[in-house]
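Some structures are shown below for you to check.
The same subunit A turns up in both complexes below, where it pairs with subunit B and then with subunit C.
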Partner chain A sequence: MGKLLVKDKEIVVPGDVIAEGMDFLPSFGTYRTGEKIIANRTSLLSIDGKVIKTIPLAGRYLPKRNDVIIGRVFDILMSGWRMDINSAYSAVLMLQEASFKYIQKGADLTKFFAIDDYVVVKITNVTSQRLVDVTVKGPGLRRLEAGRIVKVSTHKVPRIIGKQGSMVSTIKDATGCRITVGQNGVVWVQGEPEQEVLAVNAIKKIDENSHHSGLTDEIKKFLDSNKVKTKGDKK
Partner chain B sequence: MSYTKRNDGRKFEETRPIEAKAGVIKNADGSGFFKIGKTSAYAAVYGPKELFPRSQHNPRKGLLRCNYNMMPFSGSGDRVRPGPNRRSKEISLVTQKALLPVVNLEGFPNAVIEVFIELPQTDAGSRCAGICAASIALADAGITMKDMVASVSCGKVGDKVLIDLDYSEESHEDGAVDIPVAMIPSTEEITLLQLDGFITKDELKKAIQMVKPVLKNIAEIQRKALKEKYK
Partner chain C sequence: MNKDFKNHIVKALSKNVRLDGRKNDEFRKITIEKNVTCNAEGSAKVTCGDSEVIVGVKMAMGTPYPDKPDEGVLMTGAELHQMSNPDFEGGPPSIVAIEIARVIDRGIRESGTIDTKKLCIKEGEEVWMVCLDISPINMDGNLMDLGALAGIIALKEAKFPEMKDGKPDYKTLSKNPLPISKTPIEVTVSKIGDSFLVDLTYEEEKFVDARLTVAVLKDDTICAMQKGGDSPLTEDEIFKMVELAIKKSKELRKLI
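And then the complex of A and B:
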């Protein structure tokens, strides 16, 4: 009979023996040697029946297909744009993926996306060598204008969005800002300047306290106590 | 004359007091601090990130690049000449070799994980402290690794086999042998073993046997430091 040596929702670090015996199954972030299941990265343990999974707490973003991310154009190629996606690898936005309209040969590509523009894109393909292709054809995918960018850890993104988007809509309601969260940990905020600052502070607070429970209430309190009035507000 | 009592009154199989911390450098993806006696090491990990120069790209796996550096004021009085030198290049290389067996680099082809080890104060055993700090930093950065790497020195002073030499012992008048050891605690694989001086085969075996439980204990301290960060 197998034995569990670490409790559910506890922090494990590389080399920690999580379970002994063959009736548990190692999943993401764990491996088996002999009878033992051992953690191989710093993470939060999440036991799902017999399957031992982990939720990573730190690490850079690794591009994954179908992720919606926010990238920054840093180079313009012959037929596309190269983007920094807050990862070890850069992404390429190809010409045919950039617009529904036909782009003439030799057209000025900066008219579509200039260097240092931030763009919401979706990953269409990732190769084994981590060459990343992205597209802006799709709902919500576009170039971002005005506003500001906050960078958070990619593993905190689910916390910032919250269950069914509860956390992000709390911030949106309280500040009246438009917010787009990229899976790569790049967040775009746009609204009244004072409200933007408040929203950014709230996002940073989530990033720092993401492993606490009852975070949504904590953030609600934070937003209430730091409320700022702007001209657009009705009394 | 035999070496009967240690200069600082420790037992022969006892290390100097150890202190470990994770997440000490906010800007880094992961960081660690390891202090053993008067030797302290900071390690910062950046990456995986894009690798330059491109000539070093490896399409099969990523690169682990280590950089060991003693700060100019870190010695005991004499200024250490800053910048890379023959010694620090060698230690950077052995640190990389000591950490490579645990780190999984297959997931990041053409990329690099950079490890910077800085020593603000040294009193012997600096490469071991550096490896311990780097191991904490790598785990803190969320890098996939099969286990931690623990490291400490063992050796011989006079005719006594002992653990964790400090500088006064390393430069003892009766002659000393310094053997830095790094080990993967779960499998007892040794990833670093260097030797300076004369020692018999039996004494070397005795020293290695003596150092193993100590290394396992150090690995526990490293783990505790990582968990402490999320308390």
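And then the complex of A and C:
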């Protein structure tokens, strides 16, 4: 019978022995040496039955297929756009993936996406060499208009979205802002100036306090207490 | 720069709401620490929101410039460390760093803050050289104002080193302060769209159309100015910006 040496949701550092014995399975961020399972990144431990995996506390975004992300165009190529996706790798949006319409040879590509435009894209493929292909063909994928960009840790994105999008819709309802969250930790917010500030502060609060339990209530309270103030100002 | 995003910010600013919820003419909270480094003769750390700047004063003996044989020397340098902002890179000082150092230097020099004649040890042969080093620990905008503020505090805190056999002994400091008579305060007023702002964050600095740095003395005398940014300013705008700078300099002066 194997023995667990670290409790669930504890913080582990590289080299920590998490478990001994063959009846545990190493998953993301852990590896097996002989009988032992050892952590290889600073992270929060998550034990799901037999499977031991880690939730990283920090680090850049690693592109994954089918992720919906927000990219920034930083270069226009012969037949596409190169995007900064808040990761160590950049993504390429190919011409045929940019529009449902036919794009003529020699057309002005800035009419579709200009440099410094933010675009919601979906990753179609990631090669073993980490060449990333993206598309804007799909529901909700588009060029983003005027708004604000906030960057958060990519590992906190699930907490910002919440269970079935509960957290992000709480913020949307309270502030009336339009919000798009990319898996790469880039968040787009658009709304009335004061409301935008409140939404951004809420998002930053989630980013800072993501490890707290009962975060949704905390954020609701935060939004409520600040909402009263803006109402009072209007009177 | 993305024009859509800029228009969005300009619209918010016209309603007097900044990106972080401040008013247009509002500073972030400033805290000041004095004598933070043990190796400098005088130092100060200024924290303003997420911006942190440390300024150190070092004093060395050297030969004066031939055109001013009886005056000491002030040298100001700024170094934008790579760890203070992801956009900073290594290598020789960038134009931004040189501008920051020169504007801060000008404020102190042209106001006559340091009585350089009193730094003379032997005319034509030996004088005190005062080095003012500005280094941001965390750069979230407004380095010019904060560097100048930390700089003047560090200069006021600085003490001459004790002399031993005609050489300075940097390990023991005397009680003699630098000959400082004035306190110039620098305030940068920036224009984005039609709004005038002070104390910009790094995010906001990317959208600046024009900026004007004004160094002000206690009696509201203007002793140095620097204009930056691509767009021009009308006479009327400059008056408004200077007025705002003077108003804000009074707030900053209370902190010293």
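Structural remarks
Please note the rule applied: the second predicted complex is superposed on the first by the 227 of 235 C-alpha atoms of A that agree within 3 Å, B and C clash if a C-alpha of one lies under 4 Å from a C-alpha of the other, contacts with A are read in each partner's own complex, and residues count from 1 in each chain.
Everything below uses one rule, namely that a residue touches a chain if its C-beta (ideal position, glycine included) is under 8 Å from a C-beta of that chain, and two chains touch if they have at least 3 such contacts.
Keep in mind the model is a prediction, meaning the values are calculated, not measured.
Once both complexes are superposed on subunit A, the partners subunit B and subunit C fit side by side without clashing. The larger set of touched subunit A residues comes from B, when the choice is between subunit B and subunit C.
Touch criterion not met for A:74: it reaches neither subunit B nor subunit C. The superposed model places subunit B and subunit C at 60 degrees from each other around the C-alpha centre of subunit A, with the value given to the nearest 10. In the superposition on chain A, contact is made by A:130 with subunit B only, not with subunit C. In the superposition on chain A, A:146 makes contact with subunit C only, while subunit B stays out of contact range. Within the superposed three-chain model, A:31 lies in touch with subunit B and out of touch with subunit C [touch as defined at top]. By the touch criterion defined above, A:56 reaches subunit B but does not reach subunit C.
Applying the stated contact rule after C-alpha superposition, one finds that A:201 touches subunit C and leaves subunit B untouched.
In the superposed pair of complexes, A:193 makes contact with subunit C only, with no contact to subunit B.
Once both complexes are placed on a shared chain A, the shortest Cα to Cα gap between subunit B and subunit C comes to 6 Å. Against subunit A, in their complex, subunit B makes its touches with residues 29-30, 47-50, 59, 102, 104, 107-112, 139-148, 185-186, 219, 223, 226-227, 230.
Per the touch definition, subunit C reaches subunit A in the complex via residues 1-2, 4-5, 7-9, 11-12, 15, 17, 19-21. On the side of subunit A, the complex with subunit B involves touching residues 11, 13-17, 29, 31, 33, 38, 40-43, 56-60, 62, 88-90, 128-130, 155, 211.
Those residues of subunit A lying in contact with subunit C across their complex are 116-118, 145-149, 190, 193-194, 196-198, 200-201.
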